[in-house]
Each structure stands twice: as structure tokens, then as C-alpha cells.
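Contents: one structure, followed by commentary.
Chain IDs A, B, C, D and E follow the sequence of writing; residue 1 opens each chain.
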Amino acid sequence: MNIKRFGNLKFFYNSFITLFSYLPILVLIGFIAGIYWSLFIAPIDYLQGHSYRIMFVHVPAAWMSLQTYVVMAVSAFIVLVWKVKIMEIISVQCAPLGALFTFIALITGMIWGKPTWGTYWVWDARLTSELILFFLYIGIMVLYASIQDKRQAVKVTSILSIVGLINIPIIHFSVEWWNTLHQGPTVTKFDKPSAHITMLLPLFYMFAMYQVYFILTIVKRIKLGIIERDSQSNWIKELSK
Amino acid sequence: MILDTLKKDFLLFYRNKTSILLPLLFFFLIVSIFPLVLGPDVNLLMKIMPGIIWIISILTTLLSSHNFFYDDLDSGILDLYLTSKVPLSSMFFSKIISCWVVTFVPLLIFLPIISIMYSLDAFVLMILLITLFVGTPTLIGIGLFGSLLIISLPRNNILLPIIILPFYIPVLVFAADSISIASSMHIISPQLYILVALLVLALAFLPYLMSLTLKITINN
Amino acid sequence: MYLTADSITCYRNKQKVLDNLSFTLNSGDFMLVTGNNGSGKSTLLRCLCNLCPIENGEIRFDNRMKSDEIEDEFKNRILYLGHKNCINDDLTCAENLKFLFYIDCYDSDTSKDKFKDFDSKKILSALGLSEYSNRKVSTLSEGTKKKLSLLRLWAPRNNAIESNNKSIWLLDEPLNSLDTASKKIILKRMLSHTEYGGIIVCASHIEFPDEFSFLITKNIDLSK
Amino acid sequence: MILDTLKKDFLLFYRNKTSILLPLLFFFLIVSIFPLVLGPDVNLLMKIMPGIIWIISILTTLLSSHNFFYDDLDSGILDLYLTSKVPLSSMFFSKIISCWVVTFVPLLIFLPIISIMYSLDAFVLMILLITLFVGTPTLIGIGLFGSLLIISLPRNNILLPIIILPFYIPVLVFAADSISIASSMHIISPQLYILVALLVLALAFLPYLMSLTLKITINN
Amino acid sequence: MYLTADSITCYRNKQKVLDNLSFTLNSGDFMLVTGNNGSGKSTLLRCLCNLCPIENGEIRFDNRMKSDEIEDEFKNRILYLGHKNCINDDLTCAENLKFLFYIDCYDSDTSKDKFKDFDSKKILSALGLSEYSNRKVSTLSEGTKKKLSLLRLWAPRNNAIESNNKSIWLLDEPLNSLDTASKKIILKRMLSHTEYGGIIVCASHIEFPDEFSFLITKNIDLSK
């Protein structure tokens, strides 16, 4: 199984890495375009005026914060059950990214909260649970950081993150369960979205950009991960010389 | 299997008879501290009492679970478990149960008495008791699970809470909800069933996860 | 019945501790593991009862490779006494013994009966601990604690003498901090275990008294 | 002497860099749990927040002091202290200081930021900070003293809180008083000076008492 | 300089452990304390450095009775190494050594200078631990830990060789779980200590190799 492991690593390396190596520039451009679109092209909201435009940063970030966790938990599960090396790296690298997205969602949300709710922070269910999600990410990162033997650390954090999956639905449905200050599902009601299409398009565009960024960073981390993990395996040696 | 391990654990806990009353005393003390700090306003206290009691339960869990396995590790008993044929899952299951019984059962019994001091409504009290009865085993389970996760690390008292507190949130949220609903409209809310579901999940999977963790952390 | 280690290599925090080590032990063998401190004796023992993962090489048992299927059988065969003596300071000797025996003799089906038939008094007296029966372990002397942990060698199913379970003993410095009398008793116990066809792997810094040196049938020295 | 011991203790605490932030995280977590349990009512939260923060400080103290000396006991270092000429009192003094610095200083620094989320009044916040700054060392001192008292007993996580919580009451009461006075009539109350007095007393006598306790408990 | 124990009796949980024991040790003496497990060897050592209260009888030092006035002097004279090896698992070897030496060499007035002048590298190499200098103790082998704790015998002010402090060594089974080489080194150290006029009281179950047996000038057997 030793052979198989580093085999698929090598395959991965050769195919994907080269493919992804030129994307960062595109993503940067994409983000700039998206910001421009959402700030100037998208129509003004008749309720909230211009302040709603922060939605285009906030909502995708918030969605990503949840999605990242799911990705992490799933890959963690794969790590524990099928022991796929690549997934180890993913499950480890998801935590900081997720923390980042969560942080963005928190900050933008707070900024958005000032004009709409008149305060930066209210202790309603969603906000709090998002905060908790942030702590969840941090906790996982701390645990991983404080275990010396990284091979062991990956497995342990994987178990932890799987258990943590229980929190995600709570965060997502918190708005339905407790009618809170926070906006209910306005976008995700696909049958009849309560937001206008001209707002939805830039939103989804930004969401796509977030996704690309996510995938890209993961891949880059994987690249580094492979090199530092299997540095002794000979195909890396060939590569390096 | 389970019963036998239980027996040994209880033996340990009750080696000195006093320890049965300790959690109670502890609880009383903390509860009586709150009025001191928050001021004697009865309505306020009545309003927040159930919540406070839940917070204290979490506190108790943290205290009693955070170095639960250290002795076993230092004396090599964890190695023993790994090299023997005892089914680890059921062993951990019984550990969760014993830890819960020792920590919370006395409390659940005496809680009604305490609540008189805070003139709690009978129905609310009942709901509170039910939530505690259903929720605290989950707390203990998660606590022990966490303390096993960090067992190979340098001893650090604050690490465990940081890692496991986020996992307490669901339990807390649903418990608090069903209590507030009960106190406002005197009905048994669906949240209670979610609590039960969480409990079942915890007792079903945590022991297995713990045995997994043990294998991972000790094998080095 | 025999145990084979086939060029096993083991790393501990990135240092190679065991460098492809190979040996075969047949029933009745007594292997003394020597070597200076930090040479890997305890590591070897822990590898054999897979408390410590081996990088490559394999451990076979009657030539069947160790695998999850027969892991339980391995556990059935192997008794590991490490540096730490699995006893709880807040329990009495008798209670500790009961617990230890329970764990050692546990068997998913037959545990009960197997476990019932032993009286702690008799076992304790084997190493002259009967007087301590109801003493809390925390008030015992160093050597007495060690003795208590060594009583596992007398557990009903832990030896080739009464049953054929746990017929492979992995002992890590069993003679440490024992007085001469107790040393003799332990060595006698080992002797009869091997005579009944058991296998012993024993790491020790204390050279055995001459009348027991014949015990040692194999000897590997790990010092570099 | 004091400085040297301090150095060693800090070394231990900061062996892994993360541990500096842990008390903060812990604090954050607990603080954010309360609203979940007590409901989002801002006025209520604002009202009880200082009290809550004090309760949490006590909890933190319990967690970080309750098995503070176990490692030293098991590794025989306490014996070492007794047989050596190091002045025990100053040794314990430095232990109190180090434990306090590690547990509370990060917290005191970041508290203002946290308090934004509870929209605390600036003056009250200041008073709160002062009371914490003056009160928490006393708490730690008492905590360590207690953990030394029970060191020779069978390990029991709930015993320590029961023994020392009564001693926390005075500190708590005066702190809570001076805060409530501050928030009601915006003056610095005499209770604050009492807190200072308590602190001085604690730092003056506790180390000596601890050295006595050590001699008594180990000599057997 | 000499140490006298005058018919000391010591109880441990209501059992008489030491029954009026008397001996006198002059400088250069090496007393080996033997006896089977639980016979009171460790207790005797702990009494001598008053970690354990004696019922009656007295311990004199240059014929001055032990009293609070000269307690500090006692502490100056006596070095106690018990069963537990005072090291912290979460620190590295070098850090532990630094701490131990600091405590041992502490002196209200001259601590600083006395303490400054030692390089851990040199000390560690005395028992061949220099490679472990920056390893966390928790990752060391049993014997290596023991060695680390034994390095206290090399602390600048802990021996009759470099200073006349701590000239009375109380060693509880110092040779446990050491390999042969290290045992020799330790014994050599003891030898030179006694040659410089130090006193050693050593409890041990391991009989010394013949070339060192001459070390033993006194021998008391506590077994009942």
C-alpha cells in the first residue's frame, strides 16, 4: 500500500499542480471585477440603500465558512476510513481557511449590522453560532498545532472535526428555528428567491470566486504538503534536481 | 463487561464516602455565589436560574472530566487496556456512565430542594430536570472524549475546555430553548426530542470514537 | 507454537531505534534482551505487543502474519509487563489485583467462570503480600508495588502452566527493585513457565544469579 | 530567588507558544455561552455582565490551580524543595505570581475588546478591570494554597472548589459591590480599597502559610 | 565530620518500621542499607534528611543535636536522591538540569556566582547524555531519565570533591535500571566522593561488582 500511496500523490502532483499554477492572476482579476460589479453595476436596494452591497462579501464568505467545514469533515472521514494520503493534507488545511472565511463573515456581518440593526453585535442564535464555528476552527487548529507527531495529529484532529459536524446544521437552520434578527433564507429559497436577479447574479459570481480561491489555496497547500511529507520519497528527489 | 468496569470505577469514586456529597456541595456553593454577584433581585434570578444551573453543569463537567484519564495513563493502565481483549468501546461506555452517575445523579436528586430557594415554577423545574437528565450524559461523554484527545500532550488545564466547549453549544442551545419555551407557554417543545437524539448519538458513537482515539494516541 | 520477528525496523521521533531485527522463538525459549540505556529494549517489547508501530518488517505468530483478523488471538497469547506497573494508588492491593486479573482473564464468552475461580489471598501469598491485602497501594514501598504488579504472572489464564493463553510473556526489567528472595521466586515462576512450553522475552540490566543462568536460551544485545 | 523560579515556571507554561492565547480563547468561549443560555436580551446581559466575568474568573482560577502541584509531587520535586535551602515562602510567592500572569494578564489586556460586544459603559469597564487586577491575584493565591492543602489526599477534582470557594466570597462580594456602585453612581467606592487590603494580606501571608502546609503534608 | 543516629524509632501508619536503630558514620564511610522490600530502607533515608518524623531517638551531626537553628546547616550537608527522580517531563534535559542545579546550589548569599559557573554540556557528558541535551524528558528511556536525575551528584556544590557542602549523600537504589557502563561511572563517582571525605548512605538491592565491593565500610540489614 506504500507504493499506491505515493503513486497517486505523484500522479496528482504532475497533473493538477501544473494545471493550477497560473490561476492566481485570474482569480485576482476575477475578484476585482466582482467587487466592481457589486459596488457599481448592481442596483441599489430600496430598503437598505448602498449599505446592502456588503452582502456580496458577507454572504458568500458565510456560505464558504459552512461549506469548508463540511469539506474538512468529509475528507477527515476519508482519512480515517480509507487512509488516503491526499485527504490528510486537505483535512488539515481546511481549518485555517475556514477560520478565515468565518472571520470575514463575522467582520462584514458586524459592519453590516451597524446600519441595519444599529449595533455591531447582537447575541442572536446565528451570530453566536457562527462565532462558535470560529472557535471550532480555532480549537482544531490549536489541537493540530500542539501535537508534536504530525502523523498522529492528523488522525486526532480528523476525529474531532467529524464530531464537530453536528454544529453545522444548527448554524444553518438557526434562523428558521429561532426567528432572530438575522436575515432568513432570502437567496437559498430557490423556488422563489426573494431577492432580484440583478442582485443574485453578482452574488453568485462572488460566491464562485470564493470557491475558486478556496480550491486554489487548497491545491497550493497540498503541493507544499506533498513536498514536505514525502520529501524522502525518490520522485520528489528527482523533481528537485 | 460494562457492569464490571462500572463496579471498579464506583469503588474508586466512593473509596472515601464523602465524595458522594461533594458535587452537591460544589453545586450549592456556586449557585449561592450568583446572587452575591448579580445582586439579590429575585425576578432576575428566577429568570436566569435555569440557564445558570446549566452553565454550572457544564462547569462541573469540565472539572470532573478534564484529567479523567491521566492517572490511567501514568500508571500504564491504558496500555493494559490496549493489550488486553476487553472491548474498548464498552469499557469507555461504562466510564461515561460511571462518571455521569457520580457527578450528576446526586445533583438531579437534590435539585428540587435547591430550586425552592429560587421559587422556580413546578413545570419549568420538571422540564429543567428532564433537560439535565437527557443533556448531561452527552456533556460528560464529550468531556471524556476531549480529555482522551489531548492525553498525549503536555498537561494544560485550559486546552480541554477550548477544544470541547464548542461541542457543548448544541446541547446548551436546545436545553435553554426548551426551558424558555416551557416557561413562556408551558408546553414540551420539540427541542427536547433533539436533546434525546443528541444523547443517543453521543452514547452510540462516542465510545467507539474514543477507542479509536486511544489506539491512535497511545501507539507511539 | 512459535513467534517470529522478520527484519523489523522501528523509528522513534525520527530516529531509527530498531534496525531490521530478526529472530524466531520456539515454545520454551527464553530470550534475554540486553543493551545499554536507550538502545531500544522497551521499544522492542512494545513493538511485539503492537503498542508501538513498526515501520517495515513483520511479526509472525505460527507463521501467520499479524493482521486484524487474528489480532484478538495475538492479544490472547501475549502478556506485556512494562516499566509502569498498572496499579492504582487509591485502591487496596486486593482490589488492584481483582481489577488486573479481570482485565487479563477477560474473554468475550468465558470471562465469568474463568475469572471467578481465584482467591486473592492465595495469589497475594505467592509473593508474600498477604499482609498488605487491604492496604492502600500509596502506602506501600517501591518494591512491594513492583511485586504487586508482577502478580499478574500468577493470573489463572496468564501462563502456560494452567492454561495455554498468554503463553508469550514480554517482561520489561521485571527484577528491578526486588529483594533477593522475591527475585528468586519470579525466576522460578519464569522457569516453570518455559518448562510448560511458554515463551519469555525479558529485558533486564540485572544479570541473573548463576543457578538460573541456564534459563536463558537466546540473548540479543541491542547496544550500538 | 523569585525571579529564577519565575523563569522556570514561564518556561514550562510557554513551552508551546499557543498556550499564551489559550486563557483568552477559553474566556471568550465561556462569555459567548452565556447569551445562548440566558437569551439575547441586551439590557439583561449588560446588567449581569460584570458579575458573569467575575464568575468566569473564578472558574478559570479553579481550573488552573486545582492540580497545580500534582506534577511536582509525583516527580518528587516537593521533596526536593523541602530538603534544599531555597526559601519556600518566596518560592511559593513566585509560583502565585507566575500562575496569575499566565492566567489573567492576557485576559486583562483583551477584556476591553470583548466588552464591546456587551456595550459596557467605559467607567464601569474601568472599575471592572481594576477590581479584576486587584482581585484575581488573591483568587490564585487562595487556589494554590487550597491545592497544596489537599495534595496528600486521593485525587478528587471537586474537593478543591468546595474547600476554597468560601474564601472567594469576600473578594467576590467587595468586587461586585464596587462595580454595582460604580455603575449606579459613577464613583470609586471604598470597597475597592478593601480589595487592595485583601490582596496585600494574601500576598503577605499566603506564601508563608503554604510553606508551613508543605512541611506538614509531606512529612509522613 | 560525622553523623550519628542514636536509637531512632520510626512509625509508618501505626507500624513500627525502624526499631531503635543506632550507628555512627565518620567522613569517608559508605554505609550500604540492605533488607527485603518494605523493611524500611527508604524510610531510614527519609528520616535522615527529616522528610519523615522520628518517634524517638535523635540524629546528631558532629554531636550537635538536630534543631531548628542548625537545620539550614543540615540542609547544607545532606543530599537526598529518593526513588522519584525530580525531573519534569515537559522540560528538556538541559532545562531540568539547570533547575536541579539551581535548587541544589542555592545559597541565600552566594547563590548567583556558585550557580553560574557550570556548563550543562560538560555535566551531561559525564553520563553520556550530551546528545539528549535538547530532548524533552518525556521522550527518554527509563534508564536515561534515571541517569539525568543522578547527574545531581555532579552539581558543583553537591560533593566533597569540589566543595565541602552536601558531603552526606543519601541514595535510594541509585543503580536501578542503569546499564553496566553507567553503574560503573556512578560507583566511581561515589568512590571519589568518599575518598575526599564524604559520607554515603546507600540503599540497594543490586550487589556491587567485586572491584567496588571494598567501597562498603559499613552495612546494616533491616530485614526482620
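Points worth noting:
We adopt the following convention: contacts are C-beta pairs under 8 Å (C-beta built on N, C-alpha and C of every residue); 3 or more make two chains touch, one makes a residue touch a chain.
Keep in mind that this is a model prediction, so the values were computed, not measured.
The highest number of C-beta contact pairs joins the chains B-D.
When each chain is reduced to the average of its Cα atoms, A sits farthest from subunit C.
Taking each chain's centre as the average of its CA atoms, subunit D and subunit E sit 37 Å apart. Inter-chain spacing, taken between the CA centroids of subunit B and subunit E, is 46 Å. If you average the Cα atoms of subunit A and of subunit C, the two centres end up 50 Å apart. Shared interface positions of subunit B, i.e. residues touching 2 or more other chains, are given as 15, 71, 74, 154-155, 159, 162, 165-166, 169, 173, 220. Multi-chain contact residues, meaning those touching two or more other chains, occur in subunit E at positions 12, 83, 89-90.
Residues of subunit A in contact with at least two other chains: 125, 132, 135, 138-139, 142, 146, 149.
If you check the complex, the residues on subunit C that touch subunit B are 12, 49-53, 72, 75-76, 78-80, 82-91, 95, 98-100, 102-104, 106-108, 111.
Contact residues of subunit B toward subunit A in the complex are 142, 145, 149-150, 152-154, 159, 162-167, 169-170, 173, 177, 198, 201, 206, 209, 212-213, 216-217, 220.
Residues of subunit D touching subunit A in their complex: 16, 18, 22, 25, 28-29, 32, 35-36, 40, 42, 45, 116-117, 119.
By the touch criterion given at the top, residues 12-13, 35-38, 42, 83, 139-144, 146-147, 173, 176-182, 205-206, 223 of subunit C touch subunit E in their complex. Partner subunit B is touched in their complex by these residues of subunit A: 80, 125, 129, 132-133, 135-136, 138-139, 142-143, 146-147, 149, 152, 155-156, 159-160, 162-164, 166-167, 170, 177-178.
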